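Have a look at these structures, which come just after this line.
Both complexes below contain chain A, partnered by chain B and then by chain C.
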Partner chain A sequence: MFLQAVLSGIVMGCVYALIALSLVLIYKSTDVVNFAAGEFVMIAGYAGLFLLDWFHLNYAVMVVLAIVLVAVFGALFERTALNRIIGFKYNAEAALVPMVVATIGLSFVLKGVVRVIPSTEEVLRLPPLFGGPPVFLGDLVLQRQDIGIVVVAVLVMVALSLGFNFTATGKALRATSQNPRAAALIGIPVRRMRMLAWGLASALAGISGILLSPKLLMTPDMGSVVMLGIAASIIGGFTSLVGCVVGGIVLGVVQNLVGIFLSPQAIAVTPFFIIMLVLVVRPNGLFGEAMRLKKV
Partner chain B sequence: MYGGLRGIELAGILLVALAGFILPHLLPGYFLYTGNMLLTYAILAIGLDLLLGRTGQFAFAHIAFFGIGIYGTALLESRVGIPFVLAMPIAACIAGAIGFLIGFPAARLKAVYLALATYAFAECAQWVFRTWDPVTGGPDGLRFPPPVIFGYQTGTDRSAFPVVAIILALVLAATLYLTKSKLGRHMCAIRDSEHVAAVSGIDVRRVKVIAFTVSAVFAGIAGGTYTLFQSFINADVLGAAQLVTVLTMIVIGGSGSIIGVLFGVVVIGLLPEVLRAMPQSLLVWQEFVYGAILVAAIVFMPQGLWGLVKPRLEARRAPKPARVAEAIRTQPKVSL
Partner chain C sequence: MSRNKIAGCIIGGLVALAASTGARAEPGVTDNEILIGMFGPLSGPLIAYGIDPVAASKMMYEEANKKGGVHGRKIRLIVEDDKCNPNDIVSVVKKFVTVDQVFMLHGGSCTGAVSAAADYINREKVPYAMLNAAGDNAVFPPTRYVFGSFQGTQRTYAAAFATFAAQQLKAKRAAVIVHDDEYGKANAAMAKATFEKLGVTVATIERIPPNISDVTAPLLKIREAKPDVILSGAYPAPAVLIAQKYAEFGMTAIPLLQSAQGIPTPSVFAKNVANPDALQNFYYTWAFNDIGDAAVRTKYISLFKAYNDNREPGPFMMSGIPSAVAVIAALEAAGRDLTREGFVASMEKLNVKDDFMPGPIEFGPKRRDAARTMVIIKYDGKSQKVMPGTYTWDGVEAN
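After this line comes the complex of A and B, so read on.
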């Protein structure tokens, strides 16, 4: 029972970690929390479902298309909306409140679009990436799709860390997040990097949408999963990519244990309690760097 | 004190109070219900703007204090038997006390971190409202009798409207005095730059904690006024959606300015009513349109509606260049 809870917590934690990575990427590039990330997750799930149902596409093609769709959408949103709010300032922090409201508005838009489609009134389910009978490890039961989730999440994380450390674009992204002004001075196209970061982050949210939709019930309101991503990234410190992964897994496990040992009612409030606790006790999280002073 | 109320401000406050007495005789009931909601939202938004627009603290916990105000007033009246005139201030003080306690850890946090911590607090508070069965009635909600103020029976939209309007007028007066006081100046200094404020000898943490407390008291007062025209409360009213509504009112209207916030309250408050009047077949698009308007408004006027209007007003009020030249020319020459 205990081990089983830990195991399924790790599986869910991997998905939370992907959402957290998406949030942190955006935070590092634009200094804003993307409250619409949960809706990106939802859109990817629905897009996948409709691509399968209406166009009878191959599953692999569907996955790629759905993720690309969300990525392009995220990048476009940055280009058209946020870029205008930030203006030509290299420091985005000053525009925090309008940007947060813009992402909240975006989440309404996306939810609204999905609600307009008649079939979304009932609860739908996306077929999983890997089907088949569950695998038994001693007493533990493991669904094949759970194994798939962990494998995909780990692959994505490895790809991200390789990309950030060994490619020129990845290094340019990191430079932009550390000091946009200096990055612009040495010839990095800061605005294009910001758009790229949004595209990449939206793709991550899209991947978690494809992974999560078979496990959760799909409704237009499933975007509330963003709070789990936020909690995971807060545990990790909100600026650290490694922290996100650890934070996601810790959150997944803690949630399951709370469900068993405290009460199932308390599961819903766990992420918020964790956010509060971590921010009060250790504002930089477990892996976060000290908050930089950006403006005097 | 850096100057009392200006004539036009006093006139505005009196106008609000006066409207409270006149409008109930003119408008139909549904308009008055919407009006009551708008006035309550105005108190909420002005309180949140003290933190957001004046002190520059991106705090999200406001709706929790609103809830404490509602449940506090309702429970003190119905269970303890304290009259409304005392119950509302006590509930507002409880909200303020909790805001004071929140203020200490919150004063250490900045920007997004503060927003997330306070948002998490609001969600936790909503969870408490929803699950604390013996006190809040749990998911079924809480019914409470309409308050009586010195023999004046409220409870309907028509009878509550004057009282709500007077409370808003008092809140407006208090806010105006606050923003003109030394404390108000300190708040603005912290918003513009915490470091410069600290160097100038302002106790940043103290001012922040006071701002949190006052803002929570205002939210508590808003909660008290809510009980004047509603007879039922349930935790669903105190969720993220309402928080977002208040936040967008401030941002769309123009944060840091009372007129701007009131602007935003009217525009965003009436938007759902306008959208509801759309043809039946388009009704499903309601949420989409609301979101699209929100994004468009933010993108095209990041300073809010008031940010569009204000520069034009000031340009008109400023002396014309020709007049300035004239004044310089006719100035008596100073002989050395």
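After this line comes the complex of A and C, so read on.
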């Protein structure tokens, strides 16, 4: 029972990690916490389902299209809404609160739009990316979808790490997040980088949506999973991509163990308890950088 | 002023007061109509529990109006959306009582929401018939003006399941999984009491939050407990997760019994579970005869379509019928000289048996839950089969 709980926890933790990565990517590049990340997860799931049901697309094509749609949507939101809020300042700190409020507004808009679509009042499910009979390791049961989630999550993390460290665009994104003014001075197109960060982060949320929807079931309210992504980010450190991954996995495993050894009713409060513990013991998170003052 | 003039004023005032009292009509009742305030979740995530049941109730009232109404009075409805939200339902009910001055209230699909309105309704002494909420909190203990549970309470579902499991499935050990809300508490308590009465050991009771997203932990604990049967009182999304995880963990030899509220549409449930193995041994409770009797199903679906632009109803449509039938019967019994107290007295004496339910709709001076008889349906993802027998809760409370 213990090992099964740990294994299942690692799987869910990988999904939380993907959502956390999406959050941290945007935070690092714009200092904004994207409260609509959960809704990006949600619309990726619904987009995938409608592409399958209405247009009868091949599953692989649907996955790519759903992720691209969400990525484009996120990039367009940054360009049309957030960019306007920032105005012509390269430093986004002056517009931080309005930008966060904009993401909260976006989450309500997306939920409302999905609710209007017929059939979304029922619980729906996206067919899994990896179907077939489960894999047995002794007494342990692993669904192929679960294995797929872990593999995809690891691949995404490796790709992100390589991208940020070894590509010009990745370095430009890092430069923009560290010091937008200096990045602009050396010719990095800061606005384009921000849009790219939003597109990339939205794509990550979209991948989470495609992986999560078969497990979690789809309702317009499934975006509340963003709280678990935020919890994973805080646990791991809001400035660390590695931290997101570790935070997500820690959260997933601890939730399951609490459910088994304490009570399933305690599962809902576990993330917040861990957040409090981490903030008391290590306020920057397990892998986060120390707080630094920025000139406004 | 002289003494005679003062006496004259006082007598005149008393006469005027008596005259006005005598002339004051019952709210919502005129010579030609009876006004009923109707409500249910017509939007939001729980719309499936409201939209068709409200339409079905409306259809029964229209049928009664076609036959001349009740003692020459037509029934007129004002319909509002309560979204199954306690705050909304209280606002809607207050509007009906104070602004629209309805004769009675008819509505509510969610236990938590209807319970929130019950105090106000009893204070204002307005008769209230629930639409299709189980409403355990609002009918136990019974109060004068609230009548409900027209498709059974959680006590009824749990007692039916437990009896079926013990008598038909010959279970000796049971596991129960419910939500950690009032609904779940009532379900678990009655399941435990019934099992113990029938000599079945309750191996574990797992309580889960209604918004749970991963049921690994509770299902692992249930698997560890090695039950002969699993009872689930979960809502739609967790019900699917439970069925999926139950199949993933290779527990499909153990019958899984799910309360009806977890399955708004059986075919969608099966599609969401997406694993035929999960439905090999799957049963759910049902309060109506439409599944077992094709003639009943055809009759009410045809009627619904006739009143609703030929729209095919969802499976919860039937749950809007018994409350409307009960209200119409009680209005008839109350007579032409209709008052709220007279209507309440008629509801208390109600005992109606019709083709749509396996048991009667019945109230009493100390009883406010209408339906206590269920059937059990076996569902394999493609076809539904009514299991032999009906299961009636004997009204004995769990301790």
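Everything below uses one rule, namely that the second predicted complex is superposed on the first by the 294 of 296 C-alpha atoms of A that agree within 3 Å, B and C clash if a C-alpha of one lies under 4 Å from a C-alpha of the other, contacts with A are read in each partner's own complex, and residues count from 1 in each chain.
Everything below uses one rule, namely that a residue touches a chain if its C-beta (ideal position, glycine included) is under 8 Å from a C-beta of that chain, and two chains touch if they have at least 3 such contacts.
Nothing here was measured: the structure is a model prediction, and the numbers come from that model.
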item: Combined model on chain A where chain B meets chain C, clash or fit; value: fit
item: Contacts of A:113 with chain B and chain C, given as first, second, both or neither; value: first
item: Contacts of A:219 with chain B and chain C, given as first, second, both or neither; value: second
item: Chain B versus chain C as contact partner of A:85, first or second or both or neither; value: first
item: Partner chain in contact with A:268 - chain B first, chain C second, else both or neither; value: both
item: Touching partner for A:122 - first (chain B), second (chain C), both, neither; value: second
item: First (chain B), second (chain C), both or neither touched by A:55; value: neither
item: Partner chain(s) touched by A:276 [first = chain B, second = chain C, both, neither]; value: first
item: Partner chain in contact with A:96 - chain B first, chain C second, else both or neither; value: first
item: Residue contacts with chain A in the superposition, chain B compared against chain C; value: B
item: Least C-alpha distance (whole Å) that remains between chain C and chain B when both complexes are overlaid; value: 6
item: Doubly contacted chain A residues - partners chain C and chain B; value: 115, 265, 268
item: Interfacial residue positions of chain A with respect to chain C in the complex; value: 1, 4-5, 8-9, 12, 115, 121-125, 127-128, 134, 141, 143, 214-217, 219-221, 224-225, 255-256, 258-260, 263-265, 267-268
item: List of chain B residues in touch with chain A within their complex; value: 52, 58, 105, 108-113, 115-117, 119-121, 123-124, 127, 131, 193, 195-196, 244, 247-248, 251-252, 255, 284-295, 298-300, 302
item: Complex contact set, residues of chain C against chain A; value: 43-45, 47-48, 180, 206-209, 211-218, 220-221, 223-224, 236-237, 240-241, 248-250, 264-265, 268, 271-272, 274
item: Residue numbers on chain A that touch chain B, as the complex places them; value: 27, 31-33, 80-81, 84-85, 93, 95-98, 100-102, 104-113, 115-116, 227, 230, 234, 238, 265, 268-269, 271-273, 275-276, 279-280, 283, 291, 293, 295-296
